[in-house]
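One chain, subunit A, links the two complexes that follow: it is found with subunit B in the first and with subunit C in the second.
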Partner chain A sequence: MAKQVLLNVFLGFMWMFLTTTYEPVAFVKGYIFGLLIIFVFRKFFDSRFYLYRVFSFIKLALIFIKELIMANIAVVKVVLKPKMDMTPGIFAYPTSLEKDWEITTLANLITLTPGTMVIDISEDKKILFVHAIDIKDAKAEIDGIKESFEKAIMEVSRT
Partner chain B sequence: MKTSDLILQTATKLILFLIVLFSVYIFFAGHYTPGGGFVGGLLTSGAILLLLLAFDMKTVQTILPFNYLYMVALGLLFAIGTGAGALLFNTPFLTHAFGDIHVPVLGELHLHTATLFDLGVYLVVVGVTMSIIQTIGGDE
Partner chain C sequence: MIEIAKLIIVAFILIGAFFHLIAALGVIRLPDVYTRNHAASKAATLGVLCILLGTFLYFYFIHDHFNSRVLLGILFMFLTAPVAGHLLGRAAYHSGVKMWGQNGPDDYKEYIEIKKSEKYQEYEAYRKKIEENIKAESK
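Up next is the complex of A and B:
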């Protein structure tokens, strides 16, 4: 990915030198043409066309914002409820992510969306211990995290 | 004797993009300065030819899975399309129009439909050159 971005920036500068206009606009034009060229030759690289990765990162950010709003509304409901009928608890969440930064991102995302919180990570980095405000449906919680965050993170890290 | 094309292949990996970007520059320079669709197309096919020299035909076919005959047809369609488009506005065949259009980031752009005609020329030149080279170079 970094190689493609570097090449694209290089092509942007090259366009500036070719047209002898040293303005930001010329760089943007060259960058767009370079992007097109790299897209046409995308199979030439061993990694994916890097814009796909940028898109999946934006998707991850949007999923995060959506989950943040939804989960906060859920917490407001819990706080305002006159009856304290929730059952807090800790469940183990088995993750299939491997790289350290992926697990860190996942843990932060789980923590920042209220209702759940990562307490610890197992020695072999395979299991996250998550504290949930309402443990009753831990299975559904695991599936929810797997479907939204883990899938989106995998989409970003795939080469 | 089997030798490794390491230097040629590594150099091609960078130079290819420079040549293609230069061909795009030549293509767009056509209106006020030397250049245009023909030279731009030839430069692009020169870049693909460099790719063919450094790698084998099968690799290039997977990198650029184009049917060059369709490319020629598409280019001719562009040329006819821009010509026939003039008929819709009650002007003679091949009359071209232009206008200044403001694009958010890029600023004032002077757009001319002759560029689309040139794009047709570009596609035909790339298509014809590449089909000639592939036909002569192919085994079948």
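Up next is the complex of A and C:
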């Protein structure tokens, strides 16, 4: 991915030198043409066209913000409920993600999900220990949400 | 235009203050460290975010001043608050703080016992059991 971005910047500068105009607008124009060229030659790179990855990263950021707002509404409901009748508990969640930054992102996302918080990660980085504020309704629903998180994170890290 | 901007700014700052109030109430009302941690780390994050965003919009629209430090503050808050919550919960568990309520499950306790006794085979069996449990639930 870094190679493609660098090449695109290089093509932008190339456009500036070809047209002998040294302004930001010329660079942006050259960058867009360079994007087209890289898209045409995408099968010669060992990773996929880098804009796809940028888009999936933006999608992940939007999921992050949405989950933060949902989690806060859930917290408001729990705090303002007159009776404290939940059952907190810690459950183990096996993850299939491998790289360190992927697991960190997943842990942060789970912490910002309604009613869950990561307590620890096992030494071989395969199990996350999640504290749920109400284990009854949390488990089934949250597994589904995490499937979508894992999918979104994998979408970013896929080559 | 300025009037609409003012309305949005007021909305952001009031929502932020409201979430801070909820976080404070949660820290008082909820029964144990872990549930309090939930309230504090989530509600306070969004509260600070909303107030900072309101401040940024105020200086941008009313005083025509683009303050990038406030935006950086939002980003740092967003990245560090969940990690702080995670570390507090972990430290509390390892110093022996009990969870509130008797009937909640606790998979973590088993893991710590296996880790202390350093039996790798037991850990493998434990992991398989958990994976099977998850599979059975999702069916």
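Here is the rule we use: the second predicted complex is superposed on the first by the 151 of 159 C-alpha atoms of A that agree within 3 Å, B and C clash if a C-alpha of one lies under 4 Å from a C-alpha of the other, contacts with A are read in each partner's own complex, and residues count from 1 in each chain.
Keep in mind that, in the parts below, contacts are C-beta pairs under 8 Å (C-beta built on N, C-alpha and C of every residue); 3 or more make two chains touch, one makes a residue touch a chain.
Since the structure is predicted, the reported quantities are computational estimates derived from the model, not experimental observations.
Asker: Give one of first, second, both or neither to describe whether A:34 is in contact with subunit B, with subunit C, with both, or with none.
Answerer: First partner only.
Asker: Compare subunit B and subunit C by how many residues of subunit A each one touches, and report the one with more.
Answerer: Counted on subunit A, the partner with more touching residues turns out to be C.
Asker: Return first, second, both or neither, reflecting whether A:46 touches subunit B, subunit C, both chains, or no partner chain.
Answerer: A:46 sits against neither subunit B nor subunit C.
Asker: Where does A:100 make contact in the superposed view: on subunit B (first), on subunit C (second), on both, or on neither?
Answerer: neither
Asker: When the two structures are overlaid on chain A, which partner does A:84 contact: first (subunit B), second (subunit C), both, or neither?
Answerer: Only subunit C is touched by A:84; subunit B is not.
Asker: Enumerate the contact residues on subunit B facing subunit A in the complex.
Answerer: Touching subunit A: residues 13-14, 16-18, 20-22, 24-25, 62-65, 105-107 of subunit B.
Asker: Under the stated contact criterion, what part of subunit C meets subunit A in this complex?
Answerer: Residues of subunit C touching subunit A: 19, 22-23, 25-26, 29-32, 34-35, 37-39, 41-43, 45-46, 49, 78-79, 82-83, 85-86, 89-90, 93, 99-101, 103-109, 111, 115, 127, 130-131, 134, 137-138.
Asker: List the residues on subunit A that touch subunit B in their complex, please.
Answerer: Going through subunit A, the ones touching subunit B are 7, 11, 14-15, 18-19, 25, 28-30, 33-34, 36-38, 40-41, 43-44.
Asker: Would you mind writing out the residues of subunit A in touch with subunit C in their complex?
Answerer: Counting only subunit A, the residues touching subunit C are 64, 68-69, 71-72, 75-76, 78-80, 84, 86-94, 107-108, 111-112, 115, 117-120, 122-123, 126-127, 129, 131, 133, 135, 139-140, 143.
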